[in-house]
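Structures are listed in the sections that come next.
In what follows, chain A forms one complex with chain B and a second complex with chain C.
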Partner chain A sequence: MTEHTEDYVRKEARTWLENNWDPNLDLFEWRNKLADSGWGLPNWPSDWYGRDLPVGLVPIVEEEFQRIGALPIPKSGIRMLAAATILNHGTEMHKEKFLRRIVTGEDVWCQLFSEPGSGSDLAGATTKAVMAGNKWVVNGQKVWTTSAHKAHWGLLLARTDMDATKHDGLSYFIIDMKQPGVETQPLKQMNGYASFNQVFLTDAEVLPDFQVAELGDGWKVATTTLMHERRAADSLRAWGQVPNSEGPIYDQERAEIETTMAPYKWYPQRAGRVDLIMQRAKETGAIKDPAVRQEIAKLMTLHKSAEWTARRARSAQEQGKPQGPEGSLGKLAASNVARAAAKVHTMISGADSMLSGDDSPENGTVAEVLISFPASSIAGGTDEIQKNIISERVLDMPKETRFDAGKPFKDIPRNTIS
Partner chain B sequence: MKFSFTEEQDEFRSVLRRFLEDKSPSTEVRRLMATADGWEREQWAKINSELGLTAVAIPEAYGGHGFGLSEQCIVLEEMGRSLLCAPYFGSAVLAASAILYAGTEEQKNELLPGIASGSTVATLAFTEENGSWDNSGLTTIFDKSKNEYNITGTKSFVLDGTTADLIIVLARTPNTKKDEGLSLFAVDGQASGLKKEPLKSVDETRKLARIHFDQVPAKLLGVEGNAAGPMKKTMTRSIICLANEMVGGADRLREDALEYVKMRMQFGRSIASFQVTKHKATDMLADVELAKSAAYFAAAAYDEEDDETEEAASIAKAASSEAYMQTAIHSIQMHGGIGFTWDNDTHLWFKRAKSSEVFLGDPAHHHEKMMTIWDA
Partner chain C sequence: MRSNVISYLKVFWGFKMDFELSNEQQLLKDSVSRLIADNYDLQKRGAIIKSADGYSKTVWKQLADLGLLGLSFSSNYGGFDGGPVEQMIVLEAFGTGLLIEPYLATIVLSGTAIQSAADENKKSELLSAISNGDHLMAFAHSERLSRYQLSQVETRAQLKNGNWILNGEKTTVLHGGIADTIIVTARTKGSDRSTDGISLFLVPAKTKGITVNSYPTIDGMQAADIKLSNVSVPQNALLGECDKGFLIIENIEQHGIAAVAAESVGAMQCVLDMTVDYLKTRTQFGRPIGDFQVLQHRAADMYVAVEEARSIAIYAAMMTTEKDTEKRRHAMATTKAQIGVSCREVGQGGVQLHGGIGITEEYAIGHYFKRLSMIERQFGDVEHHMTTLSMMDSPD
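Let's look at the complex of A and B:
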């Protein structure tokens, strides 16, 4: 039997788990065992807490974890983006210093990319890093930073050369978040949650060793981080399902999940809570109103078509077909569903739509839908940018004219209000 | 549920697409739509015999190829795309389904092989002048003397009603209501007492007729008074077929409009470079692809006898109706002035979009149907 067959991997994982899994262990003790054995992230390199397994075999290992009830490494959150970035572009020192505590979850990470002046145009970042003496000194403002207030380390995209072109003047750093020059403030959203932070960098310092990749390669490295962002978002949802088992290690894990997931509590509401529509229409009696019935059916038609489009894309992918246009429409469809759902929830709830908190139907859930959905067509890429991308990549239409290429960044028009 | 086309299905589709592009260019569509019948027997026989289109979904026992609805829907999507002028929908979809679901073994053996080979062109006369797509508005009656049946009443919106060789008719026992007392009958297209009037239709590629029945002799299909069930199945199946035909037409319109804007230059630039045009083209893609998913899903659900089939059919019809019409409106807009001229082809599909939007029930009708299922 060779090392990379399903049966072999399954047997090996099972044996190891049977000998090592113990629900009475401390959570971090257990994760350290996973780091040492490589079973926590088996597709990682064997030099760095993994076992060099092909990604395709990871589900086999996951099945064995589930079978025995062992807790996996949470493959989610910004720290996994940090891990992917460091594995791809980091130095030996970075790997030595950061990876283990990423695996064990002891360090919290955040991503310092977006700025008030650069949202969709991420490469327009103006936060500056200047070499002064023997270290980088950073000044600027970042925004939409999840977990910044708890973070030990930040992934920082900063401008190191105003004379270079926009993309070539950026560099990538790992910044210590627990220093005087880093101030974080919660960013309160219109729905009352503060899921993100603003980060003010005032003469914050970065040692030269903490630069990732070459000077001017910041955009390239950031692309790696962003590529993993969507995947991390998917696994975040999966992580939410904690085993119901009793024991201190499970309690520890549940507490960690609770804290990590807190900023995302309103995400289902942002998506429109289509699942509540029929139940609400029946209990309010709105189901009898022909106008409401029409709107519900329109919403469900959109919702189901979007769901079936995602299934169609998945089926094609499983068959090994090249991705068709159906694979790129999910995010746009989700925005449309969220918008339509908010409208229908309003029709169903009538005057109650004016109420909030526990005065609002479903203990505030309906109110939360009504004031959260606008984020769905903006967060993670606005509908407008999505449409540009789809029209250019899928429909092969002309690219947008650029006014920021081929000249020094300092000469590119920027916001007049900073 | 299996929800992706197999290699064989993809291959079938591409053969069919090339074939129909060759046999049904818009010049041919325009030639046939200008005729009173809207299709030609000899030309249709030639097209049909090469690929056995009418036989696709009829069981092998009755002279067909025995494929599923998913395969027949590939045929319909490609026909919708090329706007083929042929008596297919009334015969191989509506009438064939009604016979299959209502007929006795003997009747299926007698009637289906002709439809499968294409030698018989059949249609289904169920809608009346009130335009109701369910049985509530049905007034055509039959009477029976010595086991001979006669039909009296008026049917309308009958596909290829003036040219069909065989007319399957839905009629009721006098003084019954809604789904009660319904029976399906086979009537010879040349029977005495039939008066066939062509209707002037917006969509000239699909001919409609009003048919008056005055004591027309008819053969009962299956069991008397028992047609509500078979009709329901026939409708579900036909709605799914129409949805698939519609997404084919919508996709064709979308592609043509896209090609046009890429070629058209104004103000010294391609109009495809305007962001409004790019965003509109993306919206069109999303509309059509989502409707396609619904149409494909409904066909797969039907083949697998999924519990969700009926609602999926209504979702597919509502989604494809909205998508086709919206795509047609956008397509004309993207063409600018030339888009609403007779010489430009867009209006041919626009008119099909309009007739298909209401045929077998408009979106509002299907919205109500799905709500009735969910609110049960």
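Let's look at the complex of A and C:
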């Protein structure tokens, strides 16, 4: 069973899929089969819905899914970050309670990190959790919380000690989003979608069991979540894509994308839709224009090096190396690709790219790229923060002077919002 | 009631060589800025965008009353003989407020067409009608896949029994859906990409055979696809000389470029001001983010981009009246290339330096970003104009 050659894995996956895939199954029945067999997330531990397969062999399995037309586990959304965090730092109870419903997609998750006063300075969070009686009581405000309005559970970074330094006073919790103390208010983006929210926490409750890792370890756990988020940056373009086949199970997944997964519908546009470039260039005839060809060539060069940077990161992970600050490379590359792709798309489509109606290029998809790509260099840690990480932690340059290091958090100057 | 500001200004139009505004020009600037500050904010703008017409009749009437719509038309037709500098002042102010009213379509593009090509009767009829705010116009030129190539015209016009019969499709016609009269370009002879053989026609929007399909543009304006099937207009609907429309079209576009250049300067200055303000007040890591030198330098780059745009917008304004077509062509391509570069730098920088709040609908910066993204591409993007320039001899 530990034979991890390409051929062996391919054969095994193919046999299993041929015996089990059935487009007439109910979507959740199918996903439960994937969870039980471990074929849905084969690189996960075999104890927890996986098969201990090296990450590098996952594409082989994915190819087999594609070949037979089987629906994979949608590897998108915050719930995958939740899974990674729980697998790393969670208790047996957390794994027992949450992982299966993450795999089946029955639970929606959100990440309650950013606050009005702390975005890049995430460790400056002021949302407080106080132990009262036998539970944590949480008060504060979060912002830019993607899919909070749909979420059952939230990954919460909160301050448990005002006297400790800013990093040491943070703890990490899993919070039930469907309780009276949690109020979400949608925020609309300039591209017309409303995928993120403000979240007001007023005496919201968390049971002690739902704390992740030790008290004061919040920053360490949050860093795990963030590093996984960063790794996902290169695969954004695949998010929210619907397979084109016919059948009830596909309809069910399409319906899911319109509902619980709706906040991620524009993520491929945010990543620049490199996949549409050649097709558009050909159908418009722009491919004949030497200036356009040059820009396409530049974009594809950028895109290819980004792809291989991501491959190296995955291979490093496969060899058991921890996620390092090098992840910032992939995040920066994704911003560059998105920016360049937006430019090339408009060179190709010309003035039409500015129309957002149904009859506009790709039903407005190109226009959506134009007003979505700026999110790439902000979400999940800004480009500036990625460059700080590279310069200070990879290149070992002297750190910028910190005014807040070593001081108790309560003595640090902050925005007046909270 | 037309303000006497404009009449008073007529005393002297022109440019002082020190690039400072004259007192009269300053007065014009102040009055337009006041109109916008008092009547146009993000919330009102949002409501206007959602309204049925996609523009505000009230604002349009105010612009007419202030004399701004007829500002640059000849006084023989009820205008104020304004020059390029005055036009620039007005458009810069419009950029500040992100005005979505059909000024570019009606006044700049169509107005230029009529001024440069219509006969006396049409001029006095149409120029006064559009200056009064009673009549809207649109310029229908670009076609699917024409990708900024001005000579790409497949729409046909044929003379039959004393009438012109028009057939074809126009796309992204700015404010085409609300226009009373549409200026349609069509081929009267020659092949699809020839500069020779294009003519312009004045077509009432209600004419039989016209189908108009309006779409929102990314910046909240409206543009339309217009289908013409056997649209019949009288012989005198021809605007300018038959077959010789290309130079008129080019001139219209050049006025468009000078106009959006000025408008973009107003919008960019706002983005820069908002961003610098934000850098000074937003605190992260226990200090204002403006403390971080990378952000200071990015803001400095934005400042340089705005000033480069301002300089080139002035240059463009001056060059709209240049007689030598080659020189004018070169100047306008140079202008639009620089404006595109600046729009990118300032628009993207403004959003980036605001972080998450920069991409929200509630906050102003995203709206400026969208308008600047539009201007970046309107009348040709950077690469298009760079290609044009690379194939020309520099006339200087």
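Here is the rule we use: the second predicted complex is superposed on the first by the 261 of 418 C-alpha atoms of A that agree within 3 Å, B and C clash if a C-alpha of one lies under 4 Å from a C-alpha of the other, contacts with A are read in each partner's own complex, and residues count from 1 in each chain.
The working rule: a contact is a pair of C-beta atoms (placed from the backbone, for glycine too) under 8 Å apart; a residue touches a chain by one contact, two chains touch by 3 or more.
What you see is a predicted model, and the numbers here were worked out from it, not measured in a lab.
S.K.: A:G117 contacts which: chain B (first), chain C (second), both, neither?
M.R.: A:G117 sits against chain C, while chain B stays out of touch.
S.K.: If you stack the two complexes on chain A, which partner ends up touching A:K387: first (chain B), second (chain C), both, or neither?
M.R.: Once the two structures are laid over each other on A, A:K387 reaches both partners.
S.K.: In the superposed arrangement, does A:A367 touch chain B (first), chain C (second), both or neither?
M.R.: In the superposition, A:A367 touches chain C alone.
S.K.: Comparing chain B against chain C, which has contacts with more of the residues in chain A?
M.R.: Higher number of touched chain A residues: C.
S.K.: Should A:R67 be classified as contacting the first partner (chain B), the second (chain C), both, or neither?
M.R.: Once the two structures are laid over each other on A, A:R67 reaches no partner at all.
S.K.: Figure out whether A:E400 sits in contact with chain B (first) or chain C (second), or with both, or with neither.
M.R.: both
S.K.: Quick one: classify A:A351 as touching chain B (first), chain C (second), both or neither.
M.R.: A:A351: touches chain C, not chain B.
S.K.: After superposition on the shared chain, which partner residues are touched by A:I378: those of chain B (first), chain C (second), both, or neither?
M.R.: second
S.K.: Quick one: is A:K298 in contact with chain B, with chain C, with both, or with neither? Answer first, second, both or neither.
M.R.: In the superposition, A:K298 touches chain B alone.
S.K.: Scan A:P325 for contacts with chain B and chain C and give back first, second, both or neither.
M.R.: first
S.K.: Indicate the residue numbers of chain A shared between its chain B interface and its chain C interface, in ascending order.
M.R.: Residues 384, 387, 400, which sit in both footprints.
S.K.: If we count contacts the way the header does, which residues on chain A are in touch with chain B in the complex?
M.R.: 278, 282, 287, 290, 293-294, 296-298, 300-302, 304-306, 308-309, 311-312, 315-316, 318-319, 321, 325-326, 329, 332-333, 336, 384, 386-388, 390-392, 394-398, 400-401
S.K.: Can you list the residues on chain C that touch chain A in the complex?
M.R.: Residues 142, 144-148, 171-172, 213, 215-219, 223, 225, 282-287, 289, 292, 294-295, 348, 351-352, 355-356, 358-362, 366-367, 369-370, 373-374, 377-378, 381, 383-384, 386-387 of chain C touch chain A in their complex.
S.K.: Using the touch definition up top, name the residues of chain A that touch chain C in the complex.
M.R.: Interface residues on the chain A side: 114, 117-121, 124, 143-144, 187-192, 284-286, 289, 291-292, 295, 339, 346-347, 350-357, 359-360, 367, 370-371, 374-375, 377-379, 382-384, 387, 400, 402-404, 412-415.
S.K.: State the interface residues of chain B toward chain A in the complex, per the touch definition above.
M.R.: Within the complex, chain B touches chain A at residues 2-4, 258, 261-262, 270, 272-273, 275, 277-279, 281-283, 285-286, 289-294, 296-297, 312, 315, 318-319, 322, 363-364, 366-368, 370-371, 374-375.
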